Every structure is written in structure tokens, then in C-alpha cells.
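Labels A, B, C and D are assigned to the chains in the order they are written; within every chain, residues are numbered from 1.
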């Protein structure tokens, strides 16, 4: 075990001790893992947990969870996306050098929050207060976040759990506005024979909504079933590291009665240090009943990034 | 085993049969895996191989191989990078809704080939002919490749092998211009006790060059040790799926005597269907002597992309 | 008269002498104004011509000819446009300094060829040969043209002539596919009492097509009436500096029988050194019968730019 | 005189009447020209004024005031600029159609506030209040301003006055931190024989600072001589439409003792409806002693734009 890991475990231990001693919370979004923490519940993913997760692999089948990102991918609000393919300095078809090299390069001019994505802790806050007492004015710079940037996410290799909400609710595609709270989560677990959700797990909800992609993009982007507020708090109490779904908005839309604007995002990202994964394509995993698996993710480390376009690999 | 996997295995089998029957190559960049193939040697990564690779994990330590991408990351030629962080429609600090939601979004305006990256098969060709007989004029569109796009890369979970070229050459940092060919590859393997490089493996070269990053970016970008032409053909003959290094140019620079402009890129990408991984940070892995491991990679699936900014996860 | 102007006149004189002596053309796109020329017929706009043009102003009414450029402006092919408005480092509504300064900035991520535009001489060529014997491979760089860039256009202040083709053809809006050739040009002139088109003039065609903008963008972008090949050669023979129209494609679409792909662009830009102005909104000028006027234009001087988004000012 | 002009004059008249009657100001940035006004003192540019300005032209010499905008142009803060030149769908040198058409297009990915520019009224405010009582939250959208956008600027053709501050101060290049206030403005006018600055004029300050461009960009961007607060209020009292200078920051930097952060921007843009023009290259005009002239400007009409990259044409 290297120094880095020892330190991480030590911090966790110290925090627990502090908790026992009843230390006061410095602000409403303070991290359990101390004032310098930028990774939240990812701290729970220890080598022991990673090692155990690799043993969940029994078939060697690897799934890519990313959907495609392009100009037609349904996207929230003003978000747009384009790539431009260029042949630098080869106008007229000129090739370069004795082996006649030709090459293409590509340029992105697009919003990151399109397609499959991870929300970093700089994405959503409460009245300009973000995770771990970080005020917007202190870390939000126009050319990148100076804290909570996506480059800080460590290597993710942990246990993944897929909750088949469509199966639990006896449908192919769960209706928009259906909130997943503790009862639904435990009901789905029981049906699938999943005995526990544990610290450091990545929990993915399967709703069947990927079936709409490219077929009814308007419906896909404007609403969906998803996690409710009580369910978010319940999963937070279990110490999960990340929560995802096969929908674009992740949380239930229309919002639950009395809920704020993307309040579940606030609960997870700002108040509990739990990353959110959107547009996770788990269609094939659901068909294969791949309920418990090794989940791996390395978001592109764009310095100061709010989010990242991702393509996690799940292995069963 | 699902239909998709069955088909892939069937294609591989068919191709072998074709090979035995001495079928003629339709063009100089034809794929072993048939006329429709877009993924090259990734075809060799079977479920059995993935399963076996997970058993290489003995400690549960996960490494992220990505370096950070930002405006200061050393980059080739005209490549530039910027992100812009915005607070959509919250001018003046306005928060949204009853739970006072604040949020940041981010926009990329940058070249993909900056930082840690995978080169897709649309990146380099020979006189406008790319992998598997694809002519530039046929698949290169200004708003995305219509074939060979990075979105086609399947889920990668396979055996990774780290070749410690610095250790083999008895130095902290291998000198620029040092070519790695068959002798050096086999020498390093022998020293590290690696008995074989196999079909579907990902081979990473460790040279110590990450030590320059942020310290001498000019040297880092302008030259490096790396794979030579003979070494590239040797690894191709072994059927590796991807080859990477901890340098920005990947192949040896200055080029070997008589070599073309980035000719090793041509040999791997165009002529052999082998992906290239650049700027893979393996410093910590080299220190840990993590020579054989589970390598996982899911590049963001940007439709028609030439390359992708990546952050593979290696697990030992 | 300053050195710059003296030199320009001297070049013109030298060229005429050369012409008289029957000097051979070095290539099919050679400039009348010598091997170093990058501005073509703009050379004809002398101070005397500018001074005379100011005397065409009799009412003091100034017209802006630019239409709006935004994401919905009809645009050719893959062209897209976006602006992003940011409040740098003011997240949470923070103002700056004792006088509580707030500010917005804006970022463009868009193709230049959208909305009202001038085509530079690097825009269209014949088989990779552009104006004045410039080969694409020699001046086209991915980060900007090294010759023929839009930054080279001098200050434009000259006589403008509006040809009312709708009036001439007795219609509100000329039908798509209607070609303007010598007969139509002279017919319109005669009807409007315009006695001559002269060296250095800017000629604008009024067709009534702006009426479609925002109402039938699909029709607006896919075809239009416009200049034909013979008309282009006729105006070139008169030495006009620039030719524009109130349509998006400028030249007649569908193309004339036997014509090449945007061949009128080739004739003007590559073969005659005449700039093209697209989407010039002359609706109000046509209503006012402002046929002869002072035309002024200063395109934003983006180094190496192919085109520019413009908003010329016509004064009557 | 058309309806539009009649209405504008009527509004001006009505506003004066209102002023006489002592009507209360609805907010600290209210326009003299009424609640719907978005163009401020540009209202003063009447046809009579434009006509008179054309008679200031005596030599026919036209000057372009724009400097070049590119990645090396000195720019404020996080501002960056790039263009990308592409040959859409011509990979491998393919030409299009029977006349072998080749073409380049260009894409901007850059901040607007680089190089010669006009500041729109959405650029600077006081504690999130912008010109004419517009609150940031009400009109600032991430994809464009919904009011005060640069597309609203009418055709500008008016009297221009160049104040030679370098000549007045007996130097080639005025020292940074030198404030131009009423005394300096009147002193320069007297020296140049300019009898009056009038309603609707465009006033440009010449300081000699363009000599630094490309030679000492660091000094050029970090400070400059320029308009002071009292001078700004004085010019506002005269009803000028726009004020510019040959520097990048326009106003005096370091700021005057006790002044806020870019407070002169606030005084002109927010409190007086006067546009600001930066990086106006008047070197040649100063050499020619072109003190009074016709000034024309048509900023590219990008919908919702905060600023515009410009290249005004001055004619003497």
C-alpha cells in the first residue's frame, strides 16, 4: 500500500473519529473527509474494495456504457456540440515526407454536458455554495474551476450494481415522473437478489429509456423517471460513490411535489459528495442480467472541467 | 455469449480460414478481419482474454494513466485547447427555484490531440489511404468521419504489459532518439520476467519522460525515445491491440534513419489496425513494478472523432 | 498623396504598360496588378474615386446592409454558429472594485460564412489554384491563410450601384434560377437611369429575396436568382471591385446549364480578383430608390481569414 | 425622410420636453431617449449630420482603423482567439464538379474582445445594472443578450474628430497613466483648430501607442494613457455618440486615484449610452493631420453579441 493510499485511509479514520466527538460542521456542504477533500465518497473505494470487485467478473464480458455525442444528441438548454475534422497543411491533397503521410485531426467546439457524462462537484450547488464549503466566487474562473475540477477524480475501479427498475415495475420502460425512493430501491434489490449496497459502490438505475434515443429525442430530454429526494438521501447514507442512470436528466422529472430545481443534484453533488452519471447505456447489461460487476471509469482529465464526456467500462 | 460476441468470434474465425486459403489482399491497408472491419486488432480481445486479465489483479490498486489537458499542455503543431466555464442564465448571481440551485457548465474549444489520447484509425494514412482500404475522400467529412470514427472502439478490458525501457537501459529517462525495436523489447521483457506478449494485449512503454512534463515542455514535445519501425512490425506480428508510451509523440523522434514522417504511426494505424496511446502516465506503475495488469479504456464516443482524450484505468 | 497611394497608382500604371507590351500571363488566375497583388480590382478605388463617391450623398441617409448572424441564420452545408456570453470571474454575482463593476464578454464558436459576408480571394479556386497563381498547398494553413487573407482588404469607400432586378423583371421577388447576364444588367441600368458601371464600383443586385429570411429559410438557402457566367465576365470587363446581392448563394442557383459548381465564384474570385458580397440587405434602399451611393466597408481584420462577417454602410 | 427616421427624431424631441418638465429618472442608467432605447447617443446621428459629415471629405483618402486580430494580438485576461481553415469534403485534394471547384472555409473559436472592437451597452454595468435600467438577470443569456446586443447598432456615418494627445503633450507616445480630462481635451482641440465637439460626433484619441503593437505587447496591454472620469463626463455632456482610442484598455490605466475598476467604461456605456472603440489605429491619420472626417462603421450583426471586432473606415 503506497503513501497516497495510506493517507487516504488515515483521513477517513480521522474523520470518523471527529464525527464521534461531535465536531461541528463548518458549512452545510462540508465533506466527511475533511476540509481539503475534493473527491467525496470516492474516498471509500479502497484497494481491498477494488480487488474484491475484480472477482465479480465471471464471464469476461465488457460493456461500454457511453452513448454517442454529436450535434444530434439530445441536450439540455443551450448546450450544442460540433467537431471539425481538418487535414492540417495538406490542402490540395499534399502528403508529407517520403512515406507519404496523410493525417486528420479533430477539434471540438461543444458543451461538455452532452451524451454520457459525469457531473463533477463544481456542477451544482446551493445558492452559490458548492461541495465542501466552496463558494462559487472562490473557485469558478471563466477558464476553468480552480477547485473541484474533473481532473481530480481518481481512478475508479469498484463494485457496480445495476438496479433494474423496469423489471421491478413490470414494464419495458418506466414512465416519466416515476420517483425511485427507498422502497423502490429495496424492492428492486430484493427482486434481483442483491443483498446489499455498500460504501464505495456505483449504483446504476435501468429504466429502459435508451429505447427512446434517436427515436423520440424530445421526450428523452424533457422528462424521465429517476431518483427522488428520499432515495438520494438513502443511498447517501449507505456511502455510495457514484449514482447513474440511463436517462439524460438522471433525477426524476417532473420533479417530485415540493422539490426544487434539480434538487437531487444538489443533494448528491453538493451535500453528499456523490458523483452523478447520466446517459449510461445499460440496455445490454439489463438483458444479460449483469447486476453486480466491476465498474471502471477514467474521465478525461481536462483541468478545471465541470463535467466530462465519459464511456465507463463495466465487466461481468 | 450474446449475438454480438458470437459474430465477432465468427468473423475472426472466417478471416483465419480466408488467410489459410491465401486470399489476395484488396489493398495495402486491408484488415485481417474483413472488409467491414473498423476496429483492427481489438477483435482479439475476447471474453476469455478479458476474464483472464481480471485475474492479473492481485492488490486492487487502480492507476489513472491520463495526464491533464489544458491550455499549457504541450501540444503538436497548431493544436490549442481552452475550456470556458459558464453559469447559464444566472447573471448577477441569481439562483434557480425554491432550493436555490446554482450551476456551472463547461464548453470545450480545443483540439482533441492534446494530453493523453488514443489515435483512431482515421488519424494517419498513406497517401490518403487509411486503414482497411478507406480513402480519405470517401470517409473524411469536415463535421466528422463517416467511417473509422472513435465511437467505434469497443469496450477495452484486456491484459496490459508495461515495458520498463528506462530500467532496461539503466537510466532514469531514456534519451530522445532511442528506438525500441525487437532486441530492446525482448531485452526488457526478459529483465522483467514477462514471458510473452500476446494477441489482444496492450503494450505500454515506460521511458521516464513524464518527469519533463511542466518542467521542460519544449523538450517533451519536440522529441522522445520510442518505438521504431522494426519494433512496430514485430509487435504487429504478435497481434497486440494497442501500443502506448509515456511520451507525446509515441514513436522515436528524431525519426530513424531513412524513416518517413511519423511512419510508425502509419505502420500501426493504417497497415496493422493497432491503436496508439500517447502521454500514458505510468510513473507510479513503474515505481510499483506493476508489469502485468488489467487495462481498461472507454474513450468518449464522439461520433466521427479522429482521436479521443483518454484516461485509461490500469489495475494491479 | 502618401507613399502608399503613390505606390498603388504606380503599380496600376506599370501593369497597364505591361499589358500594352503583351506580357504573357504567368498562370490562369494571374492578377492584372502584378505578382504580389492580393487585392485585385480594389486597386481601382483611388482617392479621386472615393472623393467623387462622397458627393453621391444627397440626403445623408445611411443604410446598414448586414443581416443578423446567429444559430438560426440559414447557412450553407456544415456551417454552424454560436456565441457564448460569460461574466468572467463574477460567479455568484460578485462585482469588481469600489464602483461595483459588472461585465459581460462574448465568445464566438462559429463558421465565418454565415449571414452577411465578404468572400476573400482564398475562398474559391480552380483545382486548388487560387487568385494570382497562389496554390492551395502554398498558402493554406490550418490556423490561417498565409496569403490572400481577409486582413489585406484595404479601406473600401467607393461608388455603389444598386441594380433593381425585381423592378426590371416586374416582380416583387425574382424567381430562383433566373440568371443575370449582360442583357439583364444593361436593361436594369437603363430602366434606373444609371448611365455607366465603372472601374472600382461596387455593384449590388436587388432581387427581393430578403423577404424570405426567417419566413422560408429552406428556400432562401437552397436556391436563388443571381449572376450568371456571362454577366460575371461582363462586369469583370468593366473593372468593378466587388459584386453583391441580397441572396445567400450570390450566383444563380440552380446553376446555368453547363456551369460548374459555383463557377461564378471561380470567375470572380480566382480569375478576376473581384470580391463577392452575400446577404446584402438592400430592401430599404430599393424602396428609397437609392441607386447610386457611397459604399463603405471595413471587414474585421482577422489574420488569415477566408471570409468576414460584414455590415457595409451605404450612404445616399 | 422615412418613418424610421421621423420616429427617431420624434423620440429625441419628446425626451427633451420630458427633460424640461423635470421628469424623474427611473434608474441611475436610464436613457435620455426613453425606456425602450438601446442605442443611446447614436440617436443624435441624424441624416443632416451624416450629410454634413460627408462634406468633410476633401481628399478622398480612406483609412481603415482596424488592427489585426489573431492568436498573438494582445488581449485582456482569459481572452483567446483562433481561426481554423478547412477544405470541407475535399480530403485528398478532391475538387468539386466540372469546373474543378476548390474552396476554403474558416471557423472562429475566439473571444470577441480581441483587436479593434466596439463595446456594446451589454459590456459593462454597475452592480449588475446595465444601460437603460436593464438588469443582468433580465437580458443576459448564455447564448446571447436578449437586449442591448450589438446587432442593434444602427448604420454609423457621422463626423469624426481625432484629438492628437501626443502632439498636445509634445511627445511621440503619451506615458501610461496620463489621464485625459476637460483641460487636456480642450487644449488639444485648441492646438488643432477644432472649434467644437458636437452631438453625435465620434471622438478618437491619438496617443501614439500603436507603435508598441507587436513590439512590446506586454506594455501595450497592461496600461495606457486614456480618458479620465471628468473627461468622460465632459464628453458625455456634449452628446458625443462614440469615443475611441488607439490603446487596448481605452481608459487611463493605472486608474485615476480613487477611481473604480474600469469606471470610465461604466460612465460611458452604462450611465451615458456612449459606445467605446478600442485599438483604433490612427497612426496614419495623425501623420496626415486628418482631424475632422467622415467616420463610418457597421459592426457585424451577431445577434446578442456583447462586442464586435471592427474596422471602421474614416474618410478625409
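As a working rule, a contact is a pair of C-beta atoms (placed from the backbone, for glycine too) under 8 Å apart; a residue touches a chain by one contact, two chains touch by 3 or more.
Please read these numbers as outputs of a predicted model, since none were measured by experiment.
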Pair sharing more residue contacts (C-beta pairs) when A-C is set against B-C: A-C
Geometric centre distance via CA averages, subunit D-subunit A, whole Å: 46
Separation of mean Cα positions, subunit B and subunit A [Å, integer]: 24
Between subunit B and subunit C, centroid-to-centroid distance (C-alpha), Å: 46
Residues of subunit C whose C-beta touches two or more other chains: 71, 78, 82, 84, 86-88, 91-94, 102, 104-105, 107, 109, 128, 136, 140-143
Graph class of chain-chain contacts, one of line, ring, star, complete, other: complete
Residue numbers on subunit C that touch subunit A, as the complex places them: 71, 80, 82, 86-94, 105, 109, 128, 135-137, 140-142
Residue ranges of subunit D in contact with subunit C within the complex: 2, 5, 45-55, 57-71, 77-79, 82-88, 93, 95-113, 115-116, 122-130, 136, 140-145, 151, 154-157, 259-263, 265-266, 284, 287-288, 294, 296-315
Subunit B residues touching subunit C - in the complex, by the definition given at the top: 77-78, 84, 86-87, 91-94, 102, 104, 107, 109, 141-143
